[in-house]
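Chain naming follows the written order as A, B, C and D, and within any one chain the residues start at number 1.
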Amino acid sequence: MSDVMSEVRTEELMIAVIARMLSGLSHVAVGAASPIPGSAALLARELSGGTLRVTLLGRTSNPTFTDGARELFDCAAQGRIDAFFLSGVQIDGQANINLVSIGDPDKPKARFPGSFGSAYLYYIVPRVILFRQEHTARTLVSKVDYVSAPGVSEENLYRPGGPHALVTGRCLFEFIKDKERFLLKSLHPGQTVEDIKRETGFDFDMPEGSGVPNTEPPEPDWLKLIRGPVGEEIREVYPEFATRMFGSS
Amino acid sequence: MSDVMSEVRTEELMIAVIARMLSGLSHVAVGAASPIPGSAALLARELSGGTLRVTLLGRTSNPTFTDGARELFDCAAQGRIDAFFLSGVQIDGQANINLVSIGDPDKPKARFPGSFGSAYLYYIVPRVILFRQEHTARTLVSKVDYVSAPGVSEENLYRPGGPHALVTGRCLFEFIKDKERFLLKSLHPGQTVEDIKRETGFDFDMPEGSGVPNTEPPEPDWLKLIRGPVGEEIREVYPEFATRMFGSS
Amino acid sequence: MTAVLTSAAEIAAKIPDGALLALPPEYAPCSMEGIRALVRRGARNLRLLGVPQFGIQAELLIGAGCVSEIETAAVTLGEHGLAPRFTDAIKHQKITMRDTTCPAIHAALQASEKGVPFMPLRGLIGSDILARRDDWHVADNPFGENDPIVYLPAIKPDATLFHGAKGDVHGNVWIGLRRELMVMAHASKAAYVTVEKIVDGDLLSDPQTAAGTIPGLYISAIAKAHKGAWPLGVPHYYERDNEHLSHYAELARTQEGFDAYLDEWVTSRTAAE
Amino acid sequence: MTAVLTSAAEIAAKIPDGALLALPPEYAPCSMEGIRALVRRGARNLRLLGVPQFGIQAELLIGAGCVSEIETAAVTLGEHGLAPRFTDAIKHQKITMRDTTCPAIHAALQASEKGVPFMPLRGLIGSDILARRDDWHVADNPFGENDPIVYLPAIKPDATLFHGAKGDVHGNVWIGLRRELMVMAHASKAAYVTVEKIVDGDLLSDPQTAAGTIPGLYISAIAKAHKGAWPLGVPHYYERDNEHLSHYAELARTQEGFDAYLDEWVTSRTAAE
């Protein structure tokens, strides 16, 4: 690993992993509280030669939408958004996500902001990429305490969308819809299968054949883009994230 | 009757009759093919000292609406439109209106433009004023051949709106909801009750007491307004009507 | 990405025979140049949706034999009288007409805009419009009691075609107050637009202009067509040509007169651009 | 006719205790001066609707004891962390929370805008949001087969309160791209607006400006409030004051700290205007 690579931060690795999954798409939207996916989408747009359209919720310059706050949802309903990103205070092995509370929702031990658009977009957008940097048995659980949005639905339910993958600070999982389970796809630097098993609260599948590959690191020119124009552009919506990652503007 | 009055055209009398019914309202909307009601609404606005808001469909200057063609209907649904105007190729004694066809609708003897927004606004706007200059047994019929919108509905149907009056070239009818019938309210100059009975295809009620009053003529200053600023303003939407009535601009 | 084309003819070539084609009212800019191009290319079996009513757009397409079905709240030449080719086609059962009411069209398009299978609408009950629509449904409001309401199925046009005052190379189109054009673009599978001019820069970059702009995301193809709405107008750009419309209304009383009009003003000419 | 008032205090006086009050997201201009005026007048039992999510507007009103119920898709201080007064109120059951999802709020307001009793919405089925909402309804799509869909009852707020960059004496308010403010004004019984400035003339008379303007028809009262969105921003006018919001987030961790904040920045001061 080169010197540049050894300095890759977990966030930057996650940005690169997500950006790879956006290759070839036409339109990616990024919701609230999503600086890593936002950076990934902007990186993917840079790498696409301009064919990828990126909509960042909360940005006021260069708008994609002109019909108000509902347009994100209407646009997704029209089939015009290829990928979206969701997180959770808990995510379980069936890809259910919880953005609301821990414990009894009426008397919660902890209360979080709420479900935002997840209970809609998770059903509608074809490729929903889950992300959560903290990968512990506390965040990746066997069963969420509150289902903001379910990972899978009954056959007859109208559901063109759903979970595609889960990107954490330790690894990449792919979601296998037929099995309703995650498959461990690749390990971030320094992680072992045993680490993942210990830190994950749900059961998951292992790839067939010879072990789990390592997560592909970002190309050196990707890091230049992330730390340069992508970082500057994400600063408009996420100034604290940008300052923490890339320093003051 | 003064000289000025003797020169009052039927259209001008209808404008005055309608304008009187708009007194005290907040917002009046005028739909397609409605030059007489449009002029009446503008006259009523002039007489209101600016408290009456008038929305003329099809005008591009001084817009009232900024949300596209649906806003007229949404605005009415919100209870923000007090009066609207409808006509018919046929109107019957229950205030049903026909804007579509004569004879079998599948093989019509005559076909007209269509129902526009009548099948919605007739139910929703509290005070719908019907107008039809031609008052003959051909236009005012016992039963319309096609119901674009019914005059009355079942008790349980959501219907805050409905017919208020019918203004023709011969007289003014008031619609009595409880009886589901028209009441002859006043006669235009030169008309007798016998004339109205002969030229009307439906039965109607007569006022109690001493005969039918004459329709109140427009005040002389109303005529000045109609032939002056009102005529100029209506020209934007109805240039042919304005030229026919008031000459070239 | 929006295709930037060079003529209305190229736009018309993208709208296939049999398409469900949504067209705007005459007070929004209509792509009359696009309509003429459809006539020139000999389009057939178009199913027209008037949003919410029609004038000369439907007249030209019906008279030229391009149309098999039409759904709209009205067809009229306004102060120039009844629409003669429409009336003739109805009387002789050359086209299938589905009568409706303006807000039903707006609501059914909003259903597609929002990706829901239907929308409820007040009114309509007791009308012959409803009685003659077996594709509509009446049922109780689930939140009321003995409260029937009409359920309208979503309408998803294959294509929409309209004219704009200005567009840019990104496919953004300024529409100002004419928001029904935005709903049509959102709700349709494809949106084709002719514009008076294609401006430099990006219409979305100025917040004042952006507020009245449909993003290129929703526009399939755009082409410049100077005076492309003629003989109709473009608000604040040019007025409708009432003299020409009156001339049309006169000629179109007979099929022969209409054919002569078509020959003089449509088929013998190429696009103005 | 729109009432032209002289202060945010007069606006706050028009919003009664117990009102269902719709408020915009932080990226649309929020009337923070109006919110502070509600705190100053000691408003009680407000039922807040976040369109579709909340930040410091709900925090101030909840922390000051003005709120009994809240319906929203989220409450968060964004990059400044969780909303501490909201979290505290939920944990100690001081307020009733109805969790929802953003498009459900937009759709329920559009139902009121369109005067229909409900709107259908995809998604939601299988979530605990739906499981915990006994005011919502699941039934088959009448045009499908074995196709369940959620029916949402219309939401008609008693009042909506927001801030605008500019308004005029006719009550017209320029909102640019922030169309959710227009839906809120259309759907609510009353709309109250503070603005940075009241301009001469009529915002509807220029077609470019009119495209981004809510007509005075929908605005009950308007008042000038310079920097009225602070510490939030007004797009293209001023940025949000992240330093101040961070300071708030720090203090509001405890009720004592919040009370000190309120004393320093709200109750001890009259409106900036």
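Following the convention adopted for this analysis, a contact is a pair of C-beta atoms (placed from the backbone, for glycine too) under 8 Å apart; a residue touches a chain by one contact, two chains touch by 3 or more.
All figures in this text were calculated on a predicted structure; none of them were measured in a lab.
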Number of hops, chain A to chain B, where each hop joins two touching chains: 2
Touching both chain B and chain D (chains): C
Centroid comparison with chain D (C-alpha atoms), farthest chain: B
Interchain centroid distance [CA atoms averaged], chain A/chain D, Å: 29
Centroid distance [mean C-alpha coordinates] between chain C and chain A, Å: 41
Intercentroid distance (Cα basis), chain D paired with chain C, Å: 37
Numbers and ranges of chain C residues touching at least 2 other chains: 107, 110, 114-116, 121-122, 147, 149, 177, 182, 210-212, 235-236
For chain A, residues contacting two or more additional chains: 63, 65-67, 73, 77, 124
Every chain pair in contact, whichever chains are involved: A-C, A-D, B-C, B-D, C-D
Chain C - residues contacting chain A, complex: 1, 112-116, 182, 186-187, 204-205, 210-215, 217-218
Contact set on chain C toward chain B in their complex: 25, 27-28, 51-53, 72-76, 78-80, 82-83, 86-87, 90-91, 93, 99-104, 106-107, 110, 121-132, 146-149, 177-183, 235-236, 242
Chain A to chain D touching residues, read off their complex: 32-33, 58, 60, 63, 65-73, 77, 99-101, 105-108, 111-124, 146-150, 153-154, 156-158, 238-241
Residues on chain A engaged by chain C in the complex (per definition of touch): 27, 51, 53, 62-67, 73-80, 124
Residue ranges of chain D touching chain C (in the complex, touch as defined): 107, 110, 114-122, 137, 139, 141-144, 147, 149, 151, 153, 175-177, 207-212, 235-236
